[in-house]
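Read from first to last, the chains carry the letters A, B, C and D; within each, the first residue is number 1.
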Amino acid sequence: MSENRNNVLKLENITMQFGGVVAINNLSLEVNQGEIVALIGPNGAGKTTAFNCITGVYEPTNGIVYFHGEPIVVNHPQGKMVKQYAGINGDLYREKKPVAHTPDRITHMGIARTFQNIRLFKSQTAFENVLIGTHLRRNSNMFTATFRLNAKEEKANREKAWNLLEIVGLAEEGKELATSLPYGKQRRLEIARALATEPTLLLLDEPAAGMNPQETDELGSFIVDIKNRFNLTVFMIEHHMNLVMDISDRIYVLDFGRQIAEGTPEEIQKNPVVIAAYLGVEEE
Amino acid sequence: MWDTIFPYLLSGISVGGQYALIAIGYTMVYGILRLINFAHGDVFMVAGIIMVYIAASGLPLWLCIPLVLLITVAVGFLIERAAYRPLRSAPRMSVMISAIGVSYMLQNLVLYITGGLNKQYPTIPGISDTVAIGAAKTKVVTVITPFLVIILVVALVMLINKTKIGMAMRAVSKDFETSQLMGIKINNVISMTFIIGSFLAGVGSILFFTNYPTVIQTSGAMPGLKAFVAAVFGGIGSIPGAVIGAFIIGIMENIIKGLDVILFKAGVISAPLGLATFSDAFSFALLIIILVVKPTGLFGEKVTDKV
Amino acid sequence: MNQKKSKTPMIITLVLVAAIYVAVFIAEQTLPANSMLFTVLKKGATYALVAVSMNLLNGFTGIFSLGQAGFMLVGAYMYGIFTIPIAQRASVYQYFDGGMIQFTVPVIVAMILAGLAAAFFAFLIGLPVLRLKSDYLAIATLGFAEIIRAIFQWNGLGPITNGSNMLRSFPSFNDFNIRDGQGNVTVYLSTLIPFLMAGVCILLIVLLINSSYGRALKAIRDDEVAAEAMGINLAHHKRLAFCVSSFFAGVGGAMLAMYQTTVQAKSFTSAMTYEILLIVVIGGIGSVTGSVLSSFLFVACSEWWLRFLDEKQMIGTFEVPLLRNGFRLVVFSVIIMIVVLFFRRGIMGDKELPDLLSRRMKSEGRRKK
Amino acid sequence: MKKLIALVLALMMLVPAFSVADDLPVIKIGVYEPASGDSGAGGKQETLGVQYANAKTPTVEIGGTTYKVELVMADNGSSTDKAPSAAQKLVSENVSVVLGSYGSGVSIAGSDYFKDANIPAIGLTCTNPQVTAGNSHYFRVCFLDPFQGTVLANYASKELGATTVYCLGELGNDYDQGLITYFKQAFEALGGMVIVDSFPTGTADFTSYLTNATGYNADVFFCPVSIAYSTQIIQQASAQGLEIAILGGDTLDSNVVADADKGTNVKVVITTFYQEGANAEFDEGFKAWLNENPDMMTNNGGNDVISAVSVMGYDGYYVALAALQAAGSTDGAAVMAALPSVEIDGVSGHIKFDETGDAVRTSAFVKTVNNETGEWQFVTEQTVD
């Protein structure tokens, strides 16, 4: 698998340690062009932490993240962490120069995300939320924007935002306050907003959380649909097993910060380790 | 050289001790409510004004002092009740604005009562007398301030570490919501914080105004700001930090005032540079440096003393 | 698709604003020039600009800065330093041999310089300070304002800043009046011009707020993490907002200088910042209309309408109790506390005038149905 | 509730009944003085002089009509940023002439407003030359800083035998900084050395500044600051056992300062406009008036010691009346035109204006505080040629 040239995202020996707590331990995984890959695991397994390491919210303690073959995050234990480090492979990247980008830089490179606990801009309408997502691809600067010299770009962005709203089925609610929408629609709006940043890789953090079975079904086909329409690669965290099994090409399973399994949905469903560690817990 | 610097150190230690007593109030309230209580410096000023009026009414001094402390504590308590408690669930910015509003109101109220004139602080026998320390002469209060501060801080730390209410304070400062769930009466703890803070501000005001015996509505503004700077400098939430920060700021500020003389005498400069202009600004420069270099302050990491 | 916004409220707003300008012009030509009304309007216009600039930071970007007085000081000084007539310099800079700068620039250039200088200071200050969190940022900016004040008061800079002494004799609002040969005023413009200055600046701020950049700032205010995930560079945008806000605070400082006719570093204290903050709060954090309205209200109350509270008032032979010097400020601060505690959204909340108009039209439309 | 409304209505009906009691036309004189802030105490005492004069002579005959003189007070808050609206208030009340202010900075800050409205102003105790320089509308009844600075420098050098003087003023206070500058010029001309220091507004802790004076081996501590700061300095000097004399300008001439120095060993010497006892008639009248009005007594600092600023206020009022009479009109411009030629014999001496509008003064009183009684004692009358 590691020979696959067209992998979009590749995590190599990522460890994230907070003080003495190791949240992710030596995680390595790959997401290839056009795939839908799911990251699953019980609560507290470190899934969202992994997302935060990829998107620059956290700086991992050790390891490398590649995006389209480019290292976008590189780190090894430094300072106090040299002594405290409790993960493995701590010496592996000692020679490498650490690389850390702010989240906005990483979004700029083409990774967009949604949030587990919805984080819409609460004072803005649904439409404005999406429109804000177009800001980073601007050609205007503050002066041209203030004096409205960017009217053409602004118009194009507005059209783009409305189109995205239509695609996610929220054209009717465009003028409503984002936070006044029902839960399911807020999740769709977050996706529309992420799409507005023109990503090549979309990270979805529990997109189906709080949805009823019917909504979840619809979400599944929606994700596949936008993936095809925008030529995306999707990496998602999800708890709804039906959804995961339905649409994922491959699945990684995380438990206590460690990767315990990897494979196609069929393989994962049969994997005894997963059943013991994860599904068993879930059904309890 | 020592003879030149010593009097400035003396002034600095004295004023630093008084800042320390105000700074504790800031640091405790911030530790619990995450609120910069902008009105705290004005509580300190109000304590001074109360003393002026009570002493003028002819009561004996031994009665005045406890009465002043009592009223100051009541003022601090009431401010929290009236201006901060209703905003408990509001954004932090609203509470801070409310604090600024209270500060504005206290100053205007005192302006109205005093007619905007400086009030002479009464002389307190014993601590207002002059003593000689080496070549320098100063008031007794200058000498007793650091000792009194240390006694009060030790008592306060014992209160926080040994008593039930102290334990509650520590819990609340660690985690507001959880301690509420654990059955701690948050409002009582907060009231207690304000009571302690105001009490210390009251003591501080007696010491401060005995040294510099004029009170006006703006008397609390600068000492208040500097005490806050001291609290941040020492690591907000840490009581020993606030005290040490206050002494450092008090001493540095007086050294700056005398820097021209010190440099002049040492032969570094031939004419005064007017550096005393920066005596106030210096504290703020120090604040910004510490915030940039070590945002948690000198002792910010020691969570054990966090209140 | 309902992409098209109704333009009517916008047009009504513009007509209203234009009507106010016409009214100001007519009032100035007809009412006696010494009326307190004009004092209030001039100072109100100045404060409106400063309040809106503060709102841009505190209300629209969510940066709680308390450095406004410092930036106003920079602006006021830049304006004064570059516009005092050469002939007056010897007497203004009396202790510094007429000062170092021996040229003047036109008023409008000086105002832009005032803004740029304030923005430059903001840029420098922003580098370390904008990384700090809410209340630390507040106290650090407050501290910076104090440091700026001390620097401008330092005798060492006396040849430029006149040390701690007053700057004066520069063109003031009254110099905008058009006079005939005998020095009699033919056309009064001393109120209209500050209105125009503040109006243009506020218009620019409104345009910024409603641009792509303005939306990005509001996104930062609403949720920094999400804004960053949307590719908005926090440091860059915050610095931008900080510099723009300071630019207009600087211009506001220049206007304050023109209003006061004198400038002295001593008066730009944190109390001034608090006053402006309270104006913003009363108007509604996040509403330009609110800031403008409350500026005029605040100035009118403090300078004019409530002044009677400072003097003894007789109702017949009955002397109204409590009224004496300072009572105005007590009443005033009580009103402010009531607003802060019970009307937390202020006059306008986060609504603007067009919003109100469109809502009214909507509800009327519904009634008709 | 109804009763209350009825009462209010009844009271309102009474208003016109009372206001028509005296039907004299009214002329307004503006009193532009600080009633709050650092100079509040001095401003109030200066106002007292005006009020006393007004109580004594409440009417004036202008062009054959007798007018009732109404004083319009405006508090400039001792600060240049509050000054504009205070000045504007007087302008909007259409006063004919303005008296004040205590403090040169606020006088300069208000100056343009009076100028634009064509209202003359008479400075009472603002001694900075910039108040009247280049202005045709600002006059002044007291002496100027170059004069006062020279008197003080002479006194320090000749009487106190000083060779080094430490000067302390408030940052941004035009009065302090101006007087110190002129003092420095005069004292250095006499061969002495002068060190100048400044403190930020709102300072309470002067101990280090006092240490500075000792550190420079100064022979005299010169602090021409406002009453609020000078009392602090004197008390802290006493605590530190300052052995050198404190020298001050006219602002220190207040019973408040004398009280602060009572019972200490600090020698305080000042120059001023008037010495109690020089005009017995005025002294008695003023004291009697203070004793009749408890409010006024409070404004005077709680006792009936006469401050020189009150005398200047008193004289200023009569200069204003004389100007009004000479103008024969209540119009500001006419009063302004009449002022240069006005001459009166005031309590503080003969008052006559030179071409810049300053009173011609050739002498100043030097006073010191009696440490035991806390009273001002006359030392000498200094003149400069």
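Quick note on the criterion: a contact is a pair of C-beta atoms (placed from the backbone, for glycine too) under 8 Å apart; a residue touches a chain by one contact, two chains touch by 3 or more.
In this text the structure is predicted, and so the values were computed from the model without any measurement.
When each chain is reduced to the mean of its CA atoms, the one lying nearest the mean of all protein CA atoms is C. Each chain gets one centre point, the mean of its Cα atoms, and the points for chain A and chain B are 49 Å apart. Centre-to-centre separation of chain A and chain C, using mean CA positions: 44 Å. As a whole-number value, the distance joining the C-alpha centres of chain A and chain D reads 74 Å.
A separation of 36 Å divides the Cα centre of chain B from that of chain D.
Shared interface positions of chain B, defined as residues touching 2 or more other chains, are 111, 115-116, 221, 274, 277, 280. Shared interface positions of chain A, defined as residues touching 2 or more other chains, are absent. Each of the following residues of chain C touches two or more other chains: 150, 153, 155, 164, 325-326. If touching chains are joined by edges, the resulting network of the protein chains shown has some other shape, matching none of path, cycle, star or complete graph. Interchain contacts (touch definition given at top) occur between A-C, B-C, B-D, C-D.
The touching residues of chain C, counted against chain D in their complex, run 33-36, 39, 43, 91, 94-95, 150, 153, 155, 163-166, 168, 172, 174, 259-262, 264-267, 272, 303, 307, 310-311, 314-318, 325-326. Within the complex formed with chain C, the residues of chain A that make contact are 55, 57, 102-105, 107-108, 112-113, 115, 119-124, 128, 131-138, 140, 142, 145-148, 150, 154, 157-158, 162, 166, 171, 174-175, 193, 196-197. The residues of chain C lying in touch with chain A in their complex are 1-3, 204, 207-208, 211-213, 215-216, 218-219, 221-223, 225-235, 240, 244, 286, 350.
Those residues of chain B whose C-beta lies close enough to touch chain D in the complex are 4, 7-8, 11, 14-15, 111, 115-118, 120, 128, 130, 132, 136-139, 208, 211-214, 216, 218-219, 221-223, 254, 257-258, 260-262, 264-265, 272, 274, 276-277, 279-280.
Interface residues of chain C, counted against chain B in their complex, comprise 58, 64, 128-129, 131-132, 134-136, 138-140, 142-144, 146-147, 149-151, 153-156, 164, 270-271, 274, 277-278, 281, 285, 324-327, 329-330, 332-334, 336-337, 340-341, 344.
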